[in-house]
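Structure first, commentary second.
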Amino acid sequence: MIGLTHYLLLGTVVFCIGLFGVLSKRNAIAVLMSVELMLNAVNINFVAINKFITPNDVTGQLFSIFVIVVAAAEVAVGLALIISIYRHRKSVDLNDFNLLKW
Amino acid sequence: MFEFILPNAWLIPLVPVLAFALIGLFLHRWPKISAALSIFSIAIAFILALVIAGGVFSAPAGTVYEFSTRWLDMPGLQVDMGLLIDALTAVMLLVVTTVALLVQIYSLGYMKGDPGIASYYAYQSLFAASMLGLVIANNLGQMFVFWELVGICSYLLIGFWFGKYSARNAAIKAFITNRVGDFGFLLAILFLQIMFGTLNFGELSDSMAGFTNMTILIPVAILLFCGPIGKSAQFPLHVWLPDAMEGPTPVSALIHAATMVAAGVYLVARAFFIFSAVPQAMTVIAVIGGFTALFAATIALTQNDIKRILAYSTLSQLGYMMMAMGIGAMTAGMFHLMTHAFFKSLLFLGAGSVIVAMHEEQDIWKMGGLYKKMPITTWTFIIGALALSGIPPLSGFWSKDEILLGALASGHIGLYIIGAFVAFLTALYMFRLIFVAFFGSNKAGAEKAQENSAVMTVPLIILAAISVVAGLVNSPLMHNAFGHYINSPAGIEPHPSLIIMISSTVIALAGIAMAWLIYQKQVISAEDLKYRFEGIYKVLYHKYYIDEIYAWLGARLVDGMAKVLYWFDIYVVNGFINAIAYVTAITGEVLKFTEDGQVQTYALYMFAGIVLLLVSALYAVYTVLI
Amino acid sequence: MTVSLNDLVFVAMALVIVVAATGVVMLKNIVHSALSLILAFVGVAGIYFQLSAGFIGLVQIMVYAGAISVLIIFAIMLVMDKSVEKTNLFSPNIIRLLAGMGLTFLLFVTLGVSIWFTKFPVVPAEGPVDAVGMLANLFMGDYVIAFETAAILLLVAVIGAIILAKGAEDKQ
Amino acid sequence: MDFSLLTTEILVALIGLLVLVVGLVLPDRGKQLVGKLSLLALAIVLVYALIAFPREASYFNGIYQVDVFGNYFKILFLIAGILVMLSASKYIKRFAAKSSEFYGLMILATLGMMVLSASGDFITMYIGLELMTISFYILTAYLQSDKRSSEAGLKYLILGAISSAVLLFGMSLVYAMTGTTIISEIAGAWTMQPAMAAGLVMIIAGFAFKISVIPFHMWAPDIYQGAPIPVTTYLAVGSKAAAFAALVRVFMLAFPPGSISFNWNIILAVLAVLTMVIGNLIALTQKNVKRLLAYSSIAQAGYILVGLVAANTYGLKGVLFYAMLYVFSNTGAFAVATAVEVDAGSTDIDAFNGLAKRSPMLAAIMTVCMLSLAGIPPMAGFVGKFYLFSGAIQAGYLWVAIIGLVMSMVSVYYYLGVAKAMYIGVSIDENPIKLDVPAQMALWACLAGTLLIGIYPGPLSNFVQTAISMFL
Amino acid sequence: MNNFPILSLILLAPLIGAIIIMCLPKDNGKAIKYIAAISTFLSLLLSLVVFIGYDRSLGGMQFVEKIPWIADLGVNYALGVDGISLPLMLLTNLIGFSAVYASWNNKERIKEFFALLLILITGVMGTFVTTDLFIFFLFYEVVVIPIYLMVIMWGSTKRVTKEYAGMKLTIYLLIGSAFLMVGLISLFIKAKGITGVPSMDMAFLATIDFPVSFQVMVFAFMAFAFGTLLSMFPFHAWSPDGYAGAPTAVSMIHAGVLKKIGGYGLIRIGLFILPAGAQIIAPIIAVLAIGNVVYAAYICISQKDLKYIVGYSSVSHMGYVLIGIAALNLISINGAIIMMFAHGVMAALFFAMIGNLYEKSHTRNVDDFGGLAHQMPRLSVGFMLAGLASLGLPGMVNFIGEFTIFVGAFSTYKVLTIIGVSGIIFTALYILRALGNVLFGPRREEWDHLQDLKGPEMVPLIVLGAAILIGGIFPFTLMDLISSGVGDLIAQVGLVQIGGIL
């Protein structure tokens, strides 16, 4: 019987896959995509919790809508930033961006 | 008159201090005026001392006048500046003021043409003031204060010609050796203050009357005696006196013959009630005194410098006085102190005028036949030598005889023998000096010598007169008035015996005769004596190598240790701190390199932190739940 | 335990999401991973429908599957200069890669354990009839401040994107 | 529902939007006017906020709290904003065309901070946080031509996004356990379960990133060095204070200390100690003043966290007191760094050589501000640290106090390193650094603030006392 | 006269002077120097008025001023002087005034120099004048930064670079003060816990009897902090380098007064508020103190640099002060305070003379000099006065201090005091050897160009010399004041009058 735990576990799995994507991918856009995945995982959590814990209330779904809004804004700014960096440095490889260190 | 002066007898030390202050602050540009002021101030002190002595010796024996004002007091510790006038103080006042006055007059001639005359007279009056202060002190604290002031004055006067390295080093040596003595003295004062809560002589003697706890009294007495060992140059701490001859001769006459070195003996006399209560301490004093007398006399035999001979003779005579004190003959000790002050300062001033005449030449073998050129100096010098050797009717005979009598009466036969032998040696080296320097055959040096001016010869004559007359004070002719006034209940009162008088005179004459044979007639030439007793001669000449031993010890213990500790301070203590600083800097450096600029490394560290926190939180919750 | 249809749908959707997510991370070609990302978004929308949160599912499809993925693909186009195949490789630093893998696994284990051993206060009741209406009330009622701030946030994002992307030159 | 109390936020939003619009409408010449206009408007809002300080209300049954605590922070953000914009007046000429948007974004970031510090519920808090952070992403990358600025921006975006994902995950777990996102309701509604602990830790991690506590501090040095100086100042001062306000509200109200079996104080204490030690140690080795000030601000976060760890009157007073004086001291230090960067082009320590000879006032202000950060009397930092560590000792964390104090004294080493360069360093050009009027006003304001709070801390401490009265 | 805030005027006169100097143009040195001289002279004059005006029979805190400062910490700007703090305040002004004159012919950056110097004087004086713990600590730490700036700007690089010396000095003192702050705060918190009233007033805190274990812990912190300031044995590493590196005026104030804050703090806070703690930790301090005396005296013997000699000798003298404090009885604490005053005046005079000599000859190595008495008689008088005072010659105030400490400490620690007294021999040795090498010996031509002290350079010699001699010849002027102060303290704390407790 699928309970709240399973949904949360699914959320955690997607969260961890997203995290691994962020930690390992070379391409900046791939990292952004993984970040999106992580935010989606959180949304799954919120909607699932709303369904099981507070069924006759919609705060969870409200929260996930706000998260979607913020995720969208973030992606927009992120991609704009990547494009602006690409224009100057002709590369999107995160390993090249280490001008600022120790 | 006496009643008026007595309560403000503190004027005696105050007048010279004022002279010192005035010269030091304002008059040091005009030497003439400062010299006059200094002599005038010591003259006033002399007159006051005379009045006081007159008053004390007219009053019945044993009367004591005491006044004191608050100086340093807090609940539990009371040191005040006071006056204690009794026969002992009166005698000391007389001795110090007379010798100081005559020396200051004599210095006018001796120091003529020296640029630093003003500061010389300033130091002279400061010394006089502190010596007088020491004499009239009524408690050990005040005595210690003036004790150290006298020490610093001797440092300044020995090192007066600071241009010379030897003078500078001698001054430092003098002060440090005195300081070692003062260390013991200070400890004794601390013990007494803690034990009896007071330092005043009167109160101390009352509270110590019933006190018999020997385990404390012995160390206190011996520590108290350390002060006199340092100040009166007794055996272990005698090394500074011969070197103190670097100072001008009037200084040696005043300080290193009559007054300062006598302070030690005066302290033993003043605190006699402490020492007499401890028999072990008395024997220690007697033994050290006797040994120093013998030790110094033997060295004096081989010295060639006129001032060094007199210095060792002073050492030996001081040993005599300490021996007297040790065997309980306090009167004999003080009497010898008085007479010795006069004829020894006479001898020193005589030596001074010889040195001036010989243009700074101090080696007796280079002098010769001075008796023709300098009759007054020669004859006064001979009177002094005779007094020193103890030829009757002169003062030395009476005082030395008293001591030998005391030694016999108190049963110290060994000490009597040493005393007699030292008397013989004294006569020998004194007349060795006279025959070589004044009647010696070596004419070369004597041409340019001629008699000094009146300002130098008059004091010599006065002192010669005094040293002739001074002996009678305690002789049977004046039914030993001196002993009547200055005695201590614990002391021994030897009755005069004719045999001792005769035997000591014979010993003295034998000494003179031997000197006459060796040096005047050269029957036994000094050279082969020196050759036959090669080993002994070299040891004696080098003062038993004690200076070298002290120097060796000092270099090892003090300078060597200082370098080791300095090395320790720099490399271990500082090293430790620098190490900490270095470690912090290194950790900072290492941590800095965790930031390699890669976003993903930052994310890695972040999530490592999160995982760690999660694991610890779950562990905490797990222990709570299960 | 009765395996209801709903559970089956959940399992299917979960599989789709996990496969798509791993696809995003593992695929070499950036375009392929972008497409698998879109698949993942659709999977998530499916989960919402299964959780009877229809409106959220629709919003998810419109915003994520629609707008954001298009935006990502545009960005990939703009940034593509090398050949497509090797654009989405793993970062060269092997140690960090392994550490990342280990860390992610550890994180999953801890979170999974903490979720698995917790008894959530589940309330078995049917969902509200008019979820969208209630959402609207909340938006305009209690959470109006959050709503307005979100509006300003979007405005800021737009302006920021334009400034960064268009690249207004600075004066040196 | 009387909305008059929200006027501060509404006014700030209006000014932000107006500035954006006016920036578009006016010709180039007008760009300077925009700056002055916005400053004036902010000043008026500051005055209003000061007047409206004591008035309290709770909106939407706890979702939005207009209370004394929130108002205190609103005043703090306005002061910080004004000071930063004043000190950056010369720097902004670099942004040329987009200088009016800069003002707009800064003001909207201030709005985000206000919402974050005043919200009583997770959702509004998250939105406020994101508004602030996204506007800072853009501001950090504002100088696209400069490689460092865009790189900093990207780094900040990626790390910021991950941390907000973590924060959200934590919030979701807490929401799962309590069923509500409103802080005041959470307090009683939960029991200690592993998921709750995980949620709490994730929330701590999310906020810890914002206030750059040790394991989560890695972004701060690079972003502070890369971003334009006014943005760095505002980041160091404004965003950190806002995060602290939210942290205090969440952890004092939702999870009151002592009452729960899960003692979050110890976790924060360990983080605080780590931050103070490692922050100061790395700062010892820094050669660039901006990066040095970055590490110093990390260490300052450690000190302020000690106040929260103590969670008693003195501790909280210390947090608020220190946040305020931190505005003055840090803005002062960064303002001088701005002046030197504008003049010499770099903020390495050698650029500061001989500053005392060239312009003694600048050197004096820099020394005073940095020593206040180190906690040397008579500057303000001393009183702040006194409060913080009295709280810590009262709460029994003696070891935290000892380590904190010793590390703040170690920090004197690198502050005096800069002072050494200024006072005995030798520089080739001798002419003093030219400063325009607004920058001078900012510098004098910071100096006055640091010294006055230090010498006579009475009024500010009473002000803070009322601000935290709601938590006691 | 009673409500005129004389103490605040004394305290703030130098600060006002500093502010005026800051507004003056950089180049006219004359005006700057005169203002500095006037402000320090004013506070010296007023402190003499207070010294004479202080009612010795009444005792206790007089000239009290109180303004509430921080309400919730119970801090008020409370000033007041009693038997213990008055002599030290007078000492600060004496040294401050002569420090201004000792740096009369400084050439470069006069404006910053005198401004920082005056701030330093106010900072140092503040600790003695206040009766409030918080203000005490505030002034205690304010002093460190001006010293650092003055050392790095005008210091001299000898064995170690001046930056190293300045930084070591600063960090060392600050670490010490960090521990002091922890001690103070826990004291304040515990007092608030016990009485419920937040108060920082020392007199009030002294009435509370804290649990013994707490007292020991806090006293340990205090002992460490004040120990580092007083250069107690293991923590003395900063002071010799600190003095050698610092310019004359700073080393005068530093050796003369800053060290005394440590001693004053130990007595005022250590003994007054935490007697039980003091009682238990006192033997450890006594042993370290004797280590201090002998260790530093020994090192002085091997030193070649004049400033290092005075530096290590002040470490040794501070050993005496420490043993005085550690003996915990009326006499020894009296001795400790008067020793602090004496050492302050002596060290300041010594540094003034060395500074003057260094200015003219640009070397401080003892072997380079010889026979300076020929060329510079007045300077040699100054050197001799300071040297003799430091070796404890009677007739100078140091002897009074040393003698009282020995009597007091002897009753409590017999063996330790005996070792301590042996210190006077080593002190005499290195002082006379150093002075002998520098002043006496044959005349050396290369030093003929040195001209002697004249005009303003004489002021330190006259002012400090007078203090040394008057204090030494008439000790009751100082001693009654101090013993009335310490008497109240001991009575209040209840220690046994003479025997101490051990």
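For clarity, chains are labelled A, B, C, D and E in written order, and residue numbers in each chain start from 1.
Everything that follows uses one rule, which is that contacts are C-beta pairs under 8 Å (C-beta built on N, C-alpha and C of every residue); 3 or more make two chains touch, one makes a residue touch a chain.
Computed from a predicted structure; not experimentally measured.
Undergrad: Mind listing the chains that sit against chain C and also against chain E?
TA: B, D
Undergrad: Please flag the chain sitting at the greatest distance from chain A, going by CA centroids.
TA: Max centre-to-centre separation from chain A belongs to B.
Undergrad: Which chain would you call central, comparing Cα centres to the global Cα centre?
TA: E
Undergrad: Which pair, A-C or A-D, has more C-beta contacts?
TA: By number of C-beta pairs in contact, A-C is the larger.
Undergrad: Most remote chain relative to chain C, going by C-alpha centroids?
TA: Farthest from chain C by mean C-alpha position: B.
Undergrad: Using mean CA coordinates as chain centres, what's the gap between chain B and chain E in Å?
TA: About 36 Å, centre to centre.
Undergrad: State, to the nearest whole Å, the distance from the C-alpha centre of chain A to the C-alpha centre of chain E.
TA: Those two chain centres are 65 Å apart.
Undergrad: Where the CA atoms of chain B average out and where those of chain D average out, how many Å apart are those spots?
TA: Distance between chain centres: 77 Å.
Undergrad: Quick check: how many Å separate the C-alpha centres of chain D and chain E?
TA: 42
Undergrad: Where does chain C touch two or more other chains at once, residue-wise?
TA: In chain C, residues 91, 93, 96, 100, 103-104, 107, 110-111, 113-115, 118, 120-121, 123, 143, 146, 150, 153, 156-157, 160, 163-164, 167 touch at least two other chains, as defined above.
Undergrad: Touching at least two other chains at once: which residues of chain A meet that condition?
TA: Answer for chain A, listing residues that touch two or more other chains: 4, 8, 15, 18-19, 22-24, 31-32, 53-54, 59, 62, 66, 70, 73-74, 77, 81-82, 84, 87, 94-95, 97, 99-101.
Undergrad: Hey, what residues on chain E touch two or more of the other chains?
TA: Nothing qualifies.
Undergrad: If we use the touch criterion from the header, which chain pairs count as touching?
TA: Contacting pairs: A-B, A-C, A-D, B-C, B-D, B-E, C-D, D-E.
Undergrad: Name, in rising order, each residue of chain C that touches chain A in their complex.
TA: Spelled out, the residues of chain C in touch with chain A are 1-4, 6-7, 10-11, 14, 17-18, 21-22, 24-25, 30, 33-34, 37, 40-41, 44, 47-48, 51-53, 55-56, 59-60, 63-64, 67-68, 71-72, 74-76, 78-79, 81, 87-93, 96-97, 100-101, 103-105, 107-108, 111-112, 115-116, 118, 120-123, 125-128, 131, 134-135, 138-139, 143, 146, 150, 153-154, 156-158, 160-165, 167.
Undergrad: Residues of chain D touching chain A in their complex?
TA: Spelled out, the residues of chain D in touch with chain A are 122-123, 126-127, 130, 134, 137-138, 141, 144-145, 147-148, 150-155, 157-158, 161-162, 164-165, 168-169, 171-173, 175-176, 179-181, 195, 221-223, 225-226.
Undergrad: Where on chain B does chain A make contact in their complex?
TA: Of all residues in chain B, those touching chain A are 592-593, 595-600, 603-604, 607.
Undergrad: Under the definition above, what is the set of chain C residues touching chain B in their complex?
TA: Counting only chain C, the residues touching chain B are 91, 93, 96, 99-100, 103-104, 106-107, 110-111, 113-114.
Undergrad: Which residues, counting only chain C, touch chain D once they are in their complex?
TA: 110-111, 113-115, 117-121, 123, 141-146, 148-150, 152-153, 155-157, 159-160, 163-164, 167-172
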